[in-house]
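Sharing a structure below in structure tokens format, with a few things to ask.
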């Protein structure tokens, strides 16, 4: 590929080698992909969501396939902050790419506590808040669906997090722009758009839900049109935060579509299950594609959708 | 098939031969499918959305394919109430199945006017309100996303509509149950769940949106998990209105899944483009399937999901 | 003189056919022969079918293909070029594979007339309806009154030449790179042929990329020659239901490629150059 | 005595292979021979691969298949049964088709030992890992110490019998309808064989529907015989990342079929009979 193509981008407070990241929950803690894709070639990785304490996750079965997509209800199983620092971080410090840690809590205080503790860890380049979690105090409604609650939560975390703080928005909303604005007001450094969409699948034979928790999160190519729309809505509304686009990205063309809609980075999720080398492949294909099209800098694509 | 299987169901104020209907905008005004599927075999059909005056619809291109789905922004092109009565209704009166007329307006008054005029027409078995329309007075936000606006709109239409009145909910919401409750309060006779989900597609080569209006409605198998979830949420919340399930139904198994989730009828949408005989085929397959499984009455399936 | 509008529902059928032969021509072109297509026997040149293989839920929608030929014993041929996922799946499909077919659909080109010379203008994969039109003329021993102007990017894009010569058709080939025939676009060749036939009764019939068709239609209009063009637009249903295949038209805001076309009298659609119809709320997603 | 846990990432590779042969056995069963699978050469019986054909975006996820055999020159065989859309596409696939392969994955059965009799219990399409185990024993001239108890619904479900006899393997066949072998379930035949071998060193190794495996494991436990079972669960990644293939386990809330299994020491997973682990908020969609 021509060395003349610049893929590097500094966005959301972090300087990335290129704009191809991997999405939380679909890339483990990085090590699982050693030998399958080149970690030193991708822009960055986002870890599985971390909570203050380890969590064992939901009952089984936890996943099922749907048309061009899948449902999951893993239940945010994770090793907890301590386990993360002890067992996962040493590898991540050496892995050769940017590391964002996705995190969440079951209460306001857990969020703040978790954010503060992760912020203190050496080797963490930034934090991504997962706000698609049930707010137990508010009857199980997701933290991220009410703009005021979201703003306050972001503000509280912002107060303790010195590193770049991104917020990952839930698509289960009628107004994604209001959520984005709330994050800007709360002091976030970036937005990740979108998390999974709540869905359900039924086994007609057994008459039971296909996953134990009844509802799960829909991901994969099926949701790409919705994700792209939300990225563009936020961009068009003039929200000043940089966007990391997520949802059904399978190849370099999909990534470019998200850049055009306004994302300055993208995250590869479910596709890493389909093709464990997906993120590396997309970096390679993106570079080749830009070179072939005579585009010198990937940043030219960001928000370059033409709607005239 | 065994004559012992009962597919007939009376629901939402209408007695249907069977619970397989066709969805608005995907079955024209019925006549287009003559010779392709047996109109006398299906439970009912829902017409293209009718407005008080004819509308020419949106700029082109208007549709594009997505992963296991499609986007459309037809722009609610239709012949208007008068054109409907003059050109379409005579055929529909004789077509041998139940006829629901989908309708909408650009303002509150247009809704009421349209509902009243359609209500007066002989040969119309019921009305289905499409509330996924931009409310111009409220800055283009869909009528159907604010529960209070929705309740008032339904109540206003209810006051003039004597025939069964169903309301078709928009899925672009964080709280489908609140919308369902609003319809119940407004006096609706039934709910149709769901309309298309707002999405977007981009042509990476031309850097332009694939459809002229930028945004369009996502339909097809891709959205089935979301539709099924919303039907079940409304059912589980105990909203008393019967539900017509819509979204990505391709075959009898999909229809059964919606019945189990709580729908008492289903509507076949995009699949009629894939297979113009889809609705008739699903009736035949459903009957055969119930007979094979020893289920005497399709009504046994409604809400029979087992979540224990 | 008008494109024949096929009254909706007249003879169209939805049925299952089988691929009986897949003749790969190179350059991404291939001819599929379908068996079990007796209901297409009466189809006219310009009409099309919506077809879909047995390949699951993605790609979802059926694809439109003009008929290349309908043969005895219920065979039907289409000529396709691989451009995306659906055509790639078709190109790979093997004899015996099942194919769902909806057709014949849409309008057709006007019939050959003994006293008029028809200039058939085909761009790339726009060949099929004009090939079928030429074959009809040959059948009626009027092929001497037809000329085919057939162009493509390179030599690979010009297929079935042997078959067309066998019809006795007068062929004018053009390629953009000059590999075969005259170097340049079909429009130049068309201008030359129009000039050549000046003063005699003429008609132009064309199929190819929409941009080519607009250019052809403008040339014909300027020369006062009747012109029929077969347009393309994204389609979901093929039968006038989804309203997806709208194109701006002269006489009314929109015409539909599947049910009013695909063959249009150019005079009916030419003037409107892609501007939207009456304004409507922009973001109404239906 | 323990199932061999394959340290994650040790030798697994993601690569493209080709189908070199598709042997249809009837009853929905077929054997795919893949070429270009040199990196599977050192795989052990019980290990599996995730594979996916070149079929677009639906079905989306790769499918798990146990290895049936790995051969010289980089071939690998799988035995599959058509149950849904993915397997239907594989059944139809032709020599030359490209297949993405991730493997070898997961744990394997313990190696054959000269002094112990291994009762291999296969239910239907659970045959492959046990076939491979028997072939390994034959290779080491220890096949006399292995017995295969192999059951299915009907005669169609019992495949590769000729090949197994050629290994010199002692075969006990059962069918539910009695068409072939003893009428009944494999569990009955297993009980008889356990009785027969009473007092000698024994191990049970089993693969088949999970319900059969639990029954087999309970029988072995009751007789005090070590038992290894190869479990199935829905998978997305196959490498311990998605956490989708969790099963409740004795020693901890969950174990993962792809990375801790698929072969488990039954004692480690038996007691927990499908109850969820520690309570968590129910509807958290991630």
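A, B, C and D label the chains in the order they appear, each numbered from 1.
The rule we apply is simple: contacts are C-beta pairs under 8 Å (C-beta built on N, C-alpha and C of every residue); 3 or more make two chains touch, one makes a residue touch a chain.
These numbers come from a predicted model, not from an experiment.
Peer 1: So if I look at the partners of subunit A and the partners of subunit D, which chains show up in both lists?
Peer 2: Both subunit A and subunit D are touched by B, C, going by the contact rule given at the top.
Peer 1: As a test of understanding: of all chains, whose mean C-alpha position lies farthest from that of subunit B?
Peer 2: The chain lying farthest from subunit B is D.
Peer 1: Calculate how many whole Å lie between the centre of subunit A and the centre of subunit C, each centre taken as the average of the chain's C-alpha atoms.
Peer 2: 46
Peer 1: What's the distance between the Cα centroids of subunit A and subunit B, rounded to whole Å?
Peer 2: About 34 Å, centre to centre.
Peer 1: Roughly how far is subunit C from subunit D, going centre to centre by Cα mean, in whole Å?
Peer 2: Chain centroid spacing, subunit C to subunit D, equals 53 Å.
Peer 1: Indicate the residues of subunit C shared as contacts by at least two other chains.
Peer 2: Within subunit C, residues 57-59 contact more than one other chain.
Peer 1: Can you list the subunit B residues in contact with two or more other chains?
Peer 2: 67-69, 198-199, 214-215, 220-221
Peer 1: Once you draw an edge for every pair of touching chains, what topology comes out, line, ring, star, complete or other?
Peer 2: complete
Peer 1: Which stretch or stretches of subunit C touch subunit D in the complex?
Peer 2: 55-59, 85, 89, 94
Peer 1: In the complex formed with subunit D, which residues of subunit A make contact?
Peer 2: That would be residues 25-28, 31-36, 49, 55-65, 67-70, 72-77, 106, 130, 132-134, 136, 140, 195-196, 198-199, 212-217, 220-221, 250, 270, 272-277 of subunit A.
Peer 1: For the complex, which residues does subunit B have touching subunit A?
Peer 2: Touch list, subunit B to subunit A: 66-69, 71, 142, 145, 170, 172-174, 197-202, 204, 206-209, 214-215, 218, 220-226, 228-229, 232, 248, 253, 256-257, 260-261, 304-307.
Peer 1: Provide the residue numbers of subunit C that touch subunit B in the complex, in ascending order.
Peer 2: Subunit C residues touching subunit B: 8-9, 12-14, 52, 57-62, 100, 102, 233-237, 239-248, 253-254, 274-278, 280-286.
Peer 1: Which residues of subunit D touch subunit B in their complex?
Peer 2: 57-58
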